[in-house]
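Multiple structures are listed underneath, in structure tokens.
Look for chain A in each of the two complexes below; its partner is chain B in the first and chain C in the second.
Presenting the complex of A and B:
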């Protein structure tokens, strides 16, 4: 009897289960509704899109919005494949370079204590406070001095030193790469670079997968303002603007394009999900 | 002996040289795209900036700040609005995400799916795609997302209907209005909880099981367990979440001060100096306020727990 009472205390009652279910559904709805709405709208036939006020659900779903996409895209000045290439090239190249640069910097900040390390880390935390917009115009001045306006570099270079990556990496290395392991590597005769590449990098895989998710998310939907002029260098979000510029009749197709554009970041998230959790666990550990 | 120490020092020095090489690419980037722009934006705040022909600036001291505070009544109002929304949303986001995290940390079927759902906004809440989903209104009004959706939900302005119901219930108008605002804000709040929930759940998982075993043996209830084990063990995570949320709220796109600074440049490109001054004054104010919050948190909570 006593054990049963104890058992009861540490598990949830039916009411408790119901409460959790109710709570999660209620608030979970708030976070998925916009996406469901997007998907529904993308499946609406034209008559349903025109209804005012708009309805949430679709009554007669159709794929005609998706089917209309190829035709709409055929009228673009630059072939679609070019935009696809730009998006993939920029996101993948930048993500890889960013991970490399951030992990190298974080490795040094975490494991080599030389003068100025602490100061640099304080700077990293300070830099987290500023979003891109605040510095847009002074950055533009730098771009024009470097003469990288209207090239791929204007997408890639400013993202590379982003400090969130260095911060997460450093916290993760602090908590999961023991000094003894690096020492062992050195005794076995590995050089500095080899220790970094063969000892540290494999251990911090969760951290770089997390960075990959964040970097890919930011870059995939990027539409620079005033730094890219050639249509050949623009990325997929531009196509979305072009489609939706066609007015309300096109809004179904715009939503269809949005749904397609959402697929890659969501896929990257599903692949990296477990690692993200692990990395975030180390982020709260105090230096 | 002396040879040995000298050799060790040589290795140390070599390590440091490699270390500098390793950190260099990142640091150059930081210098070019963060530090230099940062310094020049401070300089702009104190100057009359002319962007019509290249960039030229003239130092005018505190003139920009004087015009802002003296002749622009909107600015002070916006700052006040931003600060008050900062102080209301901060505790709400913090406690909401902590509650979500506690629930999501329980063992139940479909837990991974549930976590994914709450993290989804983080994945898609950036950039152009998001603007289309939220009805192209980001940056124009605070609760655009809520408004666009509530129009769509239930085939009418459901927020309006909701308020009609509330009025029928005999609630005073002020309460109705308040609740209405909250309904629209719920979207914004939930959509800004993603990272926080993730940080909390991850933090909870790194609390050792022994702590809970001990508290069970001591006969603690779940409630006590939360307040005496989970909560104090999350001390540093809460600090991190606090900082993250502050930054997120301060630099949010729908922030009235940010919008005003945007408008300055939009109206007249020569107003860039004013725009920089508006932002910097705002950053100093919220910076000091966040500093006070963080200091108080560390003093009151972390010290007691450690």
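Presenting the complex of A and C:
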């Protein structure tokens, strides 16, 4: 049996190949510029940050911006560990719950065609388009009616029904979980929930891994406006703002903190996408 | 009710309802209810302090006949959407498709590079430094050194450059959600279809793309399209970060920067709501048209 790679290898001219990789690499390098700039700046000593003409790269790298962080962080009113806990707790818990809720709803909307499914799904798609800014005021009223302002719930609950997740999951289930598989499960006597858990979820793994990345990235950098007042409930981006507020002399340290804060989302990216790349199509499913 | 297979459809529906309800309840409370109130607010005058006063279609009349800023932001919004929307949509698919045939390591590295702007929080910063209006800006600095210009160009303050820069930055940032959805969507295309295509005489990647890859990706393509419509009509924070608010002669301001200004500094929430209802209507129409267009993809030879 031949592999997919052999089927896919169509011929391309040498020049074509060259431009192919040239284009991809150029675009890739251009895209990664802000991260490189952030890292470079975090390694710059103060006189290099202020230098004229400005330089992109660092000439005399130093770790003094990183070394200054512990002293800066020691002045925080709430211990750093509290912010770290909040960030990790909110991001991880919400991501998991979001994937669960979104994938269950999507599976029902995709496979259990009862009255009203189409209407709900149309609503989901169009709600996604509505401008988020204008919704902030009515949402605030709802938060205060539910009395969730200044609690962890104000981070978690509104994010859970994020329509992007249901939409993404539904589209993946539509395209890669054939109805025949559902029938097979039914014949084997599996209940609807079991088919979802044991058949659908493994097949749409690339989708929920990707969704995990989106959700984690959003939540990790979340800085709610006017819904969290207690310093004890704030997350790491607040610490970053506190450092940045120290003016230009602190800008090196702010960059250092930015680099450190980038590590978790980049790690989540590596883990989830590495795993997505591993999945080689939904092999073995015959229609 | 029992089906021919002896499955209790009613019990399946009960389970299904139970699985759907957490989403449905939260969706109604945190999304639908706010949208309904926003639509209702658009027919009122509301300053966030006193109770909303019903004004009928007053806000809409004001928008179309008495607001000098509105025609400008409408023009900018449409221009940005028409230029950046299709280009970033096609780019997000083409790049995902191009890296899909590379080996796993290369694929992971390249998709990381493309996705990097979405990961790093301070994406505008690099552009602000590049195009900074004083002679400290990298581009001004380089052009001064090379003698191309004699004095620094105020990139973000010159209407003739500002819009182009906003477009470039928006395109550069567009490898986000729909790009990664495409990457994983391509992973999920059944490899047997490629094999079958090969046996049926597909001899070139473009034919394979049109008749096999695109039709199997239809639902993901629709997802990408909706996300793209959402983002290209909602360009706002980017504009304010680069060109400030208001931009010179409103040259780059959009519906979103306008409605944020109306809501935040003028406290006219009713008017802001009316603007967002109108913006939504434009996006909804685009969504319907794009849906029709996507239906025709790969139609002559699609599977099933």
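Please note the rule applied: the second predicted complex is superposed on the first by the 239 of 287 C-alpha atoms of A that agree within 3 Å, B and C clash if a C-alpha of one lies under 4 Å from a C-alpha of the other, contacts with A are read in each partner's own complex, and residues count from 1 in each chain.
Everything that follows uses one rule, which is that a contact is a pair of C-beta atoms (placed from the backbone, for glycine too) under 8 Å apart; a residue touches a chain by one contact, two chains touch by 3 or more.
Just so it is clear, the structure is predicted and the values come from calculations on it, not from any experiment.
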>> Taking the superposition on A as described, I'd like to know which of chain B and chain C A:223 touches: first, second, both or neither.
In response: first
>> With both complexes overlaid on chain A, does A:104 touch chain B (first), chain C (second), both or neither?
In response: both
> Looking at the overlay, what does A:241 touch: chain B (first), chain C (second), both, or neither?
Replying inline: first
> Between chain B (first) and chain C (second), which, if any, makes contact with A:83: first, second, both or neither?
Replying inline: neither
> Just chain B (first), just chain C (second), both, or neither: which does A:20 touch?
Replying inline: both
> Touch check for A:192: first (chain B), second (chain C), both, or neither?
Replying inline: both
>> According to the stated criteria, A:210 is in contact with first (chain B), second (chain C), both, or neither; which is it?
In response: second
> Can A:121 be said to touch chain B (first), chain C (second), both, or neither?
Replying inline: neither
>> Considering only the contact definition stated at the top, list the common interface residues of chain A for chain B and chain C.
In response: 10, 20, 24, 27-28, 30-35, 37-38, 53-54, 56, 101-102, 104-105, 107-109, 112, 114, 120, 123, 127-131, 133-135, 137-139, 141-142, 146, 157-158, 160-161, 163, 166, 192-193, 196, 213, 217, 221, 258, 261-262, 265-266, 269-270, 273, 276-283, 285-286
> Taking the complex as given, what residues does chain A use to touch chain B?
Replying inline: 9-10, 12, 17, 20, 23-24, 27-28, 30-35, 37-38, 53-56, 101-102, 104-105, 107-109, 112, 114, 120, 123, 127-131, 133-135, 137-139, 141-142, 146, 157-158, 160-161, 163, 166, 192-193, 196, 213, 217-218, 220-223, 237, 240-241, 244, 254-255, 258, 261-262, 265-266, 269-270, 273, 276-286
> What residues on chain C touch chain A, complex-wise?
Replying inline: 5, 7, 11-13, 15-17, 19-20, 22-24, 26-27, 29-35, 37-38, 41, 48, 95, 98-99, 101, 104, 107-123, 125-126, 129, 135-138, 141, 145, 172, 175, 177, 180-181, 183-185, 187-192, 194-195, 198, 203-205, 208, 216-220, 222-223, 226-227, 229-230, 233-234, 236, 256, 259-260, 263, 269, 272-273, 275-276, 279-280, 283-284, 287, 304
> For chain A, which residues are in contact with chain C within the complex?
Replying inline: 2, 4, 7-8, 10, 20, 24, 27-35, 37-38, 52-54, 56, 101-102, 104-105, 107-109, 112, 114, 120, 123-131, 133-135, 137-139, 141-142, 146, 157-158, 160-161, 163-164, 166-168, 170-172, 174-176, 183, 186-187, 191-193, 196, 203-204, 206-207, 209-210, 213-214, 217, 221, 258, 261-262, 265-266, 269-270, 273-274, 276-283, 285-287
>> Could you list, by residue number, the parts of chain B that touch chain A in their complex?
In response: 14-16, 18-20, 22-23, 25-30, 32-34, 36-38, 40-41, 44, 51, 55, 100, 103-104, 106, 108, 112, 114, 116-124, 126-130, 132-134, 145, 149, 151-157, 186-187, 190-191, 194, 198-199, 201-203, 205-206, 216, 221-222, 234, 236-237, 239-241, 243, 247, 250-251, 253, 258, 262, 265, 272, 279, 283, 287
